[in-house]
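Here it is: the structure, laid out below.
The letters A, B, C and D name the chains in turn, as written, and every chain counts its residues from 1.
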Amino acid sequence: MDTGTVNYTIAELMVCTFAREIPDYSVGGVPGVRSEVPLAAVGLAATMHAPNLVCLTMAPIFAAITKEQLVLTGFTSEYAREKGAVAIFEQEYMYDWLHKGVMQWFFGGAMQIDQYADTNVVCIGDWHKPKVRGPGGAGLSAAYYAHRCFIWVNEHSKRVFVEKVDFISAAGPRSKRLANGYVVRGEPMVVSPLAVMDIDPATERLRLKSVHPGVSTDEVLDNTGFDLIVPDHVPQTQPPTEQELNILRTEVDPKGILIHEEPLG
Amino acid sequence: MAKVMSLEDAISKFVQDGSTVLIGGTYMTDEPVAAAHEIIRQGKKDLTLVLGEAACMVGDLLIGAGCVKKIVSSLLGFMRLKPIAPRYRRAIERCDLEVWEAEQNHVHAALRAAAQGVPFMPTLSGVGCDYHKVNPDIKVLQDPFGDRTVNIVKAIEPDVTIVHTATSDDWGNAQHGGSLHYDILSCRAAKKVIVMTEQVVSYDHIRKNPDKTHVIGYNVAAVVEMPFGAYPSEGQACYRYDLDHYREYLRMAETDAGFEEYLDKYVRGKAHNDFLQLAAGTNKLLELQTGVH
Amino acid sequence: MDTGTVNYTIAELMVCTFAREIPDYSVGGVPGVRSEVPLAAVGLAATMHAPNLVCLTMAPIFAAITKEQLVLTGFTSEYAREKGAVAIFEQEYMYDWLHKGVMQWFFGGAMQIDQYADTNVVCIGDWHKPKVRGPGGAGLSAAYYAHRCFIWVNEHSKRVFVEKVDFISAAGPRSKRLANGYVVRGEPMVVSPLAVMDIDPATERLRLKSVHPGVSTDEVLDNTGFDLIVPDHVPQTQPPTEQELNILRTEVDPKGILIHEEPLG
Amino acid sequence: MAKVMSLEDAISKFVQDGSTVLIGGTYMTDEPVAAAHEIIRQGKKDLTLVLGEAACMVGDLLIGAGCVKKIVSSLLGFMRLKPIAPRYRRAIERCDLEVWEAEQNHVHAALRAAAQGVPFMPTLSGVGCDYHKVNPDIKVLQDPFGDRTVNIVKAIEPDVTIVHTATSDDWGNAQHGGSLHYDILSCRAAKKVIVMTEQVVSYDHIRKNPDKTHVIGYNVAAVVEMPFGAYPSEGQACYRYDLDHYREYLRMAETDAGFEEYLDKYVRGKAHNDFLQLAAGTNKLLELQTGVH
């Protein structure tokens, strides 16, 4: 993407957008599968403005990493491995921290997401005879018990942004409320290749927060399978700064993992 | 009460057709691959396969080879290499596999219940979701002390849990080489445990670091010494994963014929050492060990 | 106590009686309070016939001790400390093992015990205004989930062996069955200064199994506050052998803890 | 975000009148005695005192000094020295203390529920017993997947948990010197944690043995360096318990007057170092350290 001054990829834009939302001294986490975008966001935040953040990474090494600058490697695990964990503990404890409300933010992905920010990674079509089988629910329902749930979606289309997900594998705030769930937190922030979205408190539905540079509101709406709430004024997503890109490319992701399809063995 | 035995004996004695088998380890790390091969060679059938976390290679192998009737897992994928495991995906889309559909915390909850000897376990995960609609072992319950709801999950007590560790004494007090995955919970939940270890060491050796003894021998039924037993996954503190072999597996496992070819080439009629020689060879194995210890 | 050949104390007799019931290769445990009798029994069993038993000790060091000869010291903890633990883990896991049915035997004490082997360590009199306050329930209800529950009672009198305990702090097999409890194990074996008792399967009530040397059945009945079941033939409790006493005094309890009121600081 | 602070500040900031306070450690080991003294000196009132295990000295002191409204514990005694703690017994027999009557596993269950963020936790303990008749936070529930009953226990989330450790970094990643007691669970269950430690060490020092980091700093609010902070109990890996002082305490605590005398002699108006000097003195302290390291 060329905004006239600096070239960057969509992945880099997503990374920068998330990174800015991660406060210093906050505790959060990143799931274990295809998590290069969240990991880079955490690394960038730690370098730019949040040196005291705590990021819990998942498999295979599970460890609290504190006060460390993170360097993106092939797998989630290698974060911890290269830097050395300060604690090793039973992996299920991380989910307890989510349920207990300890985690300020957590990342989650989605195959489908609907107007209430319910997400689906289980199946497309009827569960009993799926058209497409997803990887499975993972810990994504728990991720919604962080105070903020950062959802990154690699494709913005009507097959991803649907009226109603085929299977609710992670319930957004409204579905938890309707089910009389015990705790409702998990304010979602969704970043796609086209836009940033959050939840409108009044309707509990997704609304457009900003459109990425070079993207129009209409382009977002045309690729969204439900009535996205559009405020009167839709700002542009702030593009990566030179400083952010520089840190991202030279310190956080020197191997260029974000632009590779496969990890660098 | 001699627990040290061959892998063949351990699988033959403690894994029966229809058993509920939990496989430890996680994505490409400490996956008890040699044990999965042996289960396939012995033609075990109708297993309920429980994955504490996504031990992707062993899970996909066992499903592809037709050993598994029902899968208990929240996820089966090869991380960035392939988010959805190919044989798992194919089996489900063909309705060849019963799926205990669940979020990761439902799996924990079921194992925690078994570990604590209680019939069920509550969790906040799944509230407002669809899991309880397709999985009879997950129910919605109103908190008897309040008015909110939780999910409760029925206990799953594996007949046997198989884990891979760096070291173990001959009684099954075993130590991991780093991360614990869900292996502590997986062992605590099980009736019996098979410890597949890189090296059997003395009791006194284990006792030097009691903080690292996360598998405790009280319910260990078999200790199997199996160097490179986790290959091609990482054996923590012993060797790295072999991405080349994972890639080869994923290429071949894309099709039914390719998967059969893989089994013929590496598993059926092959001892574990044959597999190591064919898949890696001496130089590669040495290279994977370099700088790890 | 003098049986003509060897002198021994009641505590030593209790120790030997329990020790004989602990099989080799079995897994069991001992609570943390005033547990010199159980610990000595475990040590004696490990030395005499059960070198491969596993005994889990409680506070302060909690550790699995395996394949070790045990030496009695002032506190439970020092077992593990002197010999070195092979594992250190979260203390509540031991109770999980009880509930799960992993433990073959476990020891428990009692302020009161009744005809159904329900025991009480909470209070004498009404709970709301107790005449005597006990130390509290501890983990003794869980102890009854071991396959056998070894109960040692330091006083055999009508104030200890009562018709009905004032507070059921640990439920015997019958009370668990009546409450529709999930698992019923915990076959009790009760050893007092006068006799050994177990449960009659038909009535679920305590019955006399043997009387200690020098004690008559009548003496037991006179000091028991309920109708103890008495079989036609009541054998004598086998007294400690010279070998047992020798091992107990020289190897297991060289400091003579069993005969001291207080630990040897 | 500076977490390292004085004991006075830590207690003043994080223990309020009416707080639910969990005290870690166990019988005569890693009892955070200095913290109990400070709570008494600051005259905190109406505490709900939770003991993961029987931290007997701190429990009995706080009850005797009138800081405690309600006690959550399955047991309070001084092992062989005195099976029932004297001030605890006296307070209950005088109906001066609200008792959350429970078996040890009810306490675990309440803390496990809090640690897992769920409103209640099932346990087999207590079935057929009388606890649920006198404790409204314990109920009998039929297993929704079967017909047997269990006890369920309402979550207890301590406002603050206070533990004693051998070492800690300045962020609250802390390591015990041996046994863990219930301290991991006690910290996981709490909103906030005060780590009282023998020595504040570097982050890199802690990171040398990540397997020993059982207290993780994420919810630690205060790190207090306090050498001999557990005296007269054992500070694991640092010093042994002082039975002489326990005996003196138990003698004095037998009567109301004696207990007041004890507080005046050792606690009220005394800094921790005064207490150490008065109760032990240099020679005794050195002797208690001998051979421990």
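To be clear about the criterion, a contact is a pair of C-beta atoms (placed from the backbone, for glycine too) under 8 Å apart; a residue touches a chain by one contact, two chains touch by 3 or more.
Computed from a predicted structure; not experimentally measured.
Student: Shared touching chains for chain B and chain C?
Tutor: Joint contacts, listed by label: D.
Student: On a C-alpha centroid basis, what's the spacing between chain C and chain D, in Å?
Tutor: Measuring from centre to centre gives 28 Å for this pair.
Student: Roughly how far is chain B from chain D, centre to centre by C-alpha average, rounded to an integer in Å?
Tutor: 38
Student: Chain A to chain C: how many Å between their CA centres?
Tutor: Those two chain centres are 56 Å apart.
Student: In chain D, what residues contact two or more other chains?
Tutor: Within chain D, the residues that touch at least two other chains are 116-119, 123-124, 143, 146, 148, 150, 211.
Student: Check each residue of chain A and list the ones that touch at least two other chains.
Tutor: 63, 88-89, 99, 145, 182-183
Student: Would you please name all pairs of chains that touch?
Tutor: The list of touching pairs comes to A-B, A-D, B-C, B-D, C-D.
Student: Going by the contact rule at the top, pick out the chain B residues touching chain C in the complex.
Tutor: The contact residues of chain B facing chain C are 1, 114-119, 169, 171, 173, 188, 203, 206-207, 210-211, 213-214, 216-219.
Student: State the interface residues of chain C toward chain B in the complex, per the touch definition above.
Tutor: Chain C reaches chain B through residues 25, 27, 52, 54, 63-64, 66-67, 84-89, 93, 96-102, 145, 182-183.
Student: Report the residues of chain D in contact with chain C in the complex, numbered from low to high.
Tutor: 26-30, 53-54, 73-77, 79-81, 83-85, 88-89, 92-93, 95, 101-105, 108, 112, 123-131, 134, 140, 142-143, 146-150, 178-182, 184-185, 234, 236, 243-244
Student: What part of chain D is in contact with chain B in the complex they form?
Tutor: Going by the criterion above, the answer is residues 113, 116-124, 137, 139, 141, 143-146, 148, 150, 152, 154, 209, 211-212.
Student: Which residues of chain A touch chain B in the complex?
Tutor: 32-34, 36, 59-63, 74-77, 80-81, 88-92, 95, 99, 118, 122, 127-142, 145, 167-172, 175-183, 262-263, 265
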